[in-house]
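Below you'll find a set of structures to go through.
Here chain A shows up in two complexes: once beside chain B, once beside chain C.
Our next item is the complex of A and B:
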């Protein structure tokens, strides 16, 4: 009997049929269909007309899309390093068994479980021009309160603050998990050598978690490229589009203007950008390891 | 966190770092404390100035108003139905598939698994427009099923369950096979009970994701009685200025996050395993 269990049988494949049918109908098919739509002029009331790459040309020549790409790149460029460095700092500071550390770990992770609408609701109330927590703090110090969400230059920054507050838990936890994996004897050897704390950090700790640092950065780049809810709910992309990210552009074109072909084209471009970002980082990390070796 | 691996303390831990982290923790909590404070104040009093938060009297009237306003409660129920439905769906599909991928042999097993893994790389944005059209064809918008279905295709659960099934010692199902048990019975009676901790991890993770889902319910549930809590709260944010007042908005935020906060307090360890387990090698 035992051999027949291990033997390849097509009936064994029945176990994967339920998932695979969902996978094919709700992921693979829409992926292909989305690419097809992006090559068509889609009439809302049925009917597509093949127009080749014209939708892509329209998206790429749209100045609003250009602005959205710029906003997204700035946002990713600032929020990802912040999340990586802050997450690493928290992990190093809280990598202890004490009750206090464990409480703080739980606290820093807690915001990640909230939904985007709660996070933005909280931060909108904090940022309200005259009555928000920020305004109260500014008044207390005698500063002129800022309209954080309605001022060009501050709106994207405010969205970033809310995002870092929301997302900091995952990088911290991933770094903590990696710190746990570092062999103890490395530190014992360092203790015998009377190495300083800084040397231990730069010579042992950081090199040992190098791959995790790269992993966290990739995860965050992919996640932050998909910025949508925070911007839509806090600033609605404004003022004057200064905080509109790419995903919000897709949403507006596809679901508010109902230009489905163009929206599909924009979403394929985003997919490509995310894939490239992930692959580039992967390439950098593997190349680095080779030269180190 | 499991048993931690501790090294010579004086080299890896630093009191000053800890206190900086503690200070950051206070900053982290300040917005939440602010919202809780607002939610406990009468709206009329807040209109005169929000400094009122720092002084008595406090009241629960905003929470009472939520329970009376039928829409918030309806949204809460929609979120429950969608999150519970999605959780059970994902657990069922992922367990079946994970078992087969990890323990059985069948034609194209490896190829299929690799294709499924590629699914992990597809972001929601790449499929959402086509999905929206498909659900239109079948009239699935503004239904609970329509809200549950899309995320059942997520490959993450299959990936996680495959890893968990692989970790079970082979001797266990081999012993069961000697008794001439059918493949399905081995799965159902012998192996599935052993994966309960994994089920809890994946289940909690899926529940939280479903509860917090934003974009799909935003475009699929367009009738206000089909809103999930996330979308309902978003809709009351869009007319921020004309809303019932900051106290009521704050109370809404607290009320809507209660279920996930409770889940988090009780299952913190599982949640951390779920979000970091798949990624760290």
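Our next item is the complex of A and C:
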């Protein structure tokens, strides 16, 4: 009996082999290889030479990397709350069954299916000096035009606007799905309990979708730390590196300077930063739940 | 604190579909009224209209002397217990009960007093700091009732609140609700499709059918003098047997009806001269029948199923002409399926329904 049970456990294991092989080949192996590369001096055309943590020391002492980290943190710190709050606001406004709201849901989600090239093209047309939409508006009102893509401060802001426009669909859809899960009778009970709109929002709606808010925040933190295409195509990281994110730094080191080892080291640091940010959020949310209980 | 409720000419339509048609009802202060009817008869809609969760197309609703159908739900002075309880899942029992009072800025010590009092009445004081997810179905039910009690409403509205409980708990909660009503003396409206709940709880039952009120009366009035064939068949378990009438003969004590080929039944019912016998039926409840010896008058019933309930035995059978009849015998009945027995029918207890379903009863009390 025990023998056959043990044997059946082995055969059961075979069911996960297809997935496990994909997981190992496409996730675990590249991750391990990346870590190995970061410990080596690698030239794409030459061999490898083990140099320990020297790549990390080079990355961390590079002021350009420091600037890229700062840019990325600012970008994530502003774009993620914007995406969460705006997504939530849109979902609350469109959580109806009218034809108009279905149309608007589709419209807001439509930007998500565009490729980054098209998104940046659209926003370059908006922000480009002289003939851009913003320039036309500024001219119309007789204001001094702003070089949105070529001014320090405004360039990262412009990338952020394009990113929010591009990414708003997913948070909105996730929030809508969560809102529709809230039982209707809770709102009816609240109506009989004389709850104001604000009390209904803060005491019933938001607590009911708390886990989705956390999910959206974590997804967006992970996604926005990986900012690359928009910055590359709209500002090319400029002016003076003021809109260069970490991934762009990695790209430049690895594929323009061909220093694969150092690029890999920067990648591992980004990986750690994202991991810490996501874990921190998870920890904060679960700790709050424990004190609630 | 509690008040009477007047429903005047209420009609509810969704586009061209009429859900409730010209409903009129007055509920006395402190009365326990049950809306009873099959699914889709509009009973829940009517309750939700009183609560303000459903708009009304025509008519008005008054609580006390105040018209309330134009007010938002929270300002009508009613509290509702939902079928699903609708407790706020992320709030503790105490917060659930206090929420409505906090919204109208009741002083904190008053909130505490009311919550503690209600918790004591419902024996949930040890559950006050738990969230609904950690409560059993019965406990959630009590919290939902507690949330209604603390509001000290003019009327309590219950929307099938027992249907999610298991049978044993349902029976117990039913009893407790009856006690709660005695204790609080509040006006209560209770919606159900369960006739046992209706019969045991109600001061008056409102039977609803086809968008209208079919009958309003005390449980015994409804049971003994149903106004229509629908009420007669809907209330009572097992349901009243309906036998088609072939011929009616007037006698000194009432009419004697001939039930197709199966025989005739003497009743104490006096029918009006204009009575139309077409499609008329005679209705007989199982407990108004008796198994008698074959020498006595009665109908021969071939038994198909014997249902032994302990205190009594139900005999499901067919008459010679194939009509179904349910008869009752004592708990010690020896009758078996397949046998044919003679069944007598109490003349005062039969009901005759004309082709339109209108009922005629014996004038004498059974």
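Observations
Everything that follows uses one rule, which is that the second predicted complex is superposed on the first by the 267 of 293 C-alpha atoms of A that agree within 3 Å, B and C clash if a C-alpha of one lies under 4 Å from a C-alpha of the other, contacts with A are read in each partner's own complex, and residues count from 1 in each chain.
The definition used in the following text is that contacts are C-beta pairs under 8 Å (C-beta built on N, C-alpha and C of every residue); 3 or more make two chains touch, one makes a residue touch a chain.
Bear in mind the structure is a predicted one, so any value in this text is a computation, not a measurement.
Overlay on chain A: chain B and chain C fit together in the combined arrangement. In the superposed model, A:275 makes contact with chain B only, not with chain C.
Of the two partner chains placed around the shared chain by superposition, neither chain B nor chain C is touched by A:74. The superposition-derived angle at chain A (between chain B and chain C) is 80°, Cα centres, a multiple of 10.
Of the two partner chains placed around the shared chain by superposition, chain B and chain C are both touched by A:195. Contact with chain C, but none with chain B, is seen for A:208 once the two complexes are overlaid on the shared chain. Of the two partner chains placed around the shared chain by superposition, neither chain B nor chain C is touched by A:60. Taking every C-alpha of chain B against every C-alpha of chain C after the fit on chain A, the minimum distance is 7 Å.
Shared contact residues of chain A with chain B and chain C: 186, 188, 190-191, 195. Those residues of chain C that touch chain A in the complex are listed here as 51-53, 72-75, 78-80, 82, 84, 86-91, 99-100, 103-104, 131, 147. Those residues of chain A lying in contact with chain B across their complex are 1-2, 5-13, 15-16, 18-20, 22-23, 25-31, 33-34, 37, 89-90, 92-97, 100-102, 104-118, 120-126, 128, 131-133, 136, 165, 170, 173-174, 176-178, 180-182, 184, 186-188, 190-191, 195, 197, 200, 205, 212, 215, 219, 222, 226, 228-229, 233, 247, 250-251, 254-255, 260, 263-264, 267-268, 270-271, 274-275, 278.
Across the complex, chain C is touched by residues 183, 185-186, 188-196, 199, 203-204, 207-208, 210, 292-293 of chain A. For chain B in complex with chain A, the touching residues are 1, 4-14, 17-18, 20-22, 24-25, 28-32, 34-35, 38, 46, 49-51, 92-94, 96-97, 99-101, 104-109, 112, 116, 119, 121-134, 149-150, 152-153, 155, 158, 173-174, 177-178, 180, 183, 186-187, 208, 211-215, 219, 229-231, 233-234, 237, 240, 246, 249-250, 252-253, 256-257, 260-261, 263-264, 268, 271-272, 275-276, 279-280.
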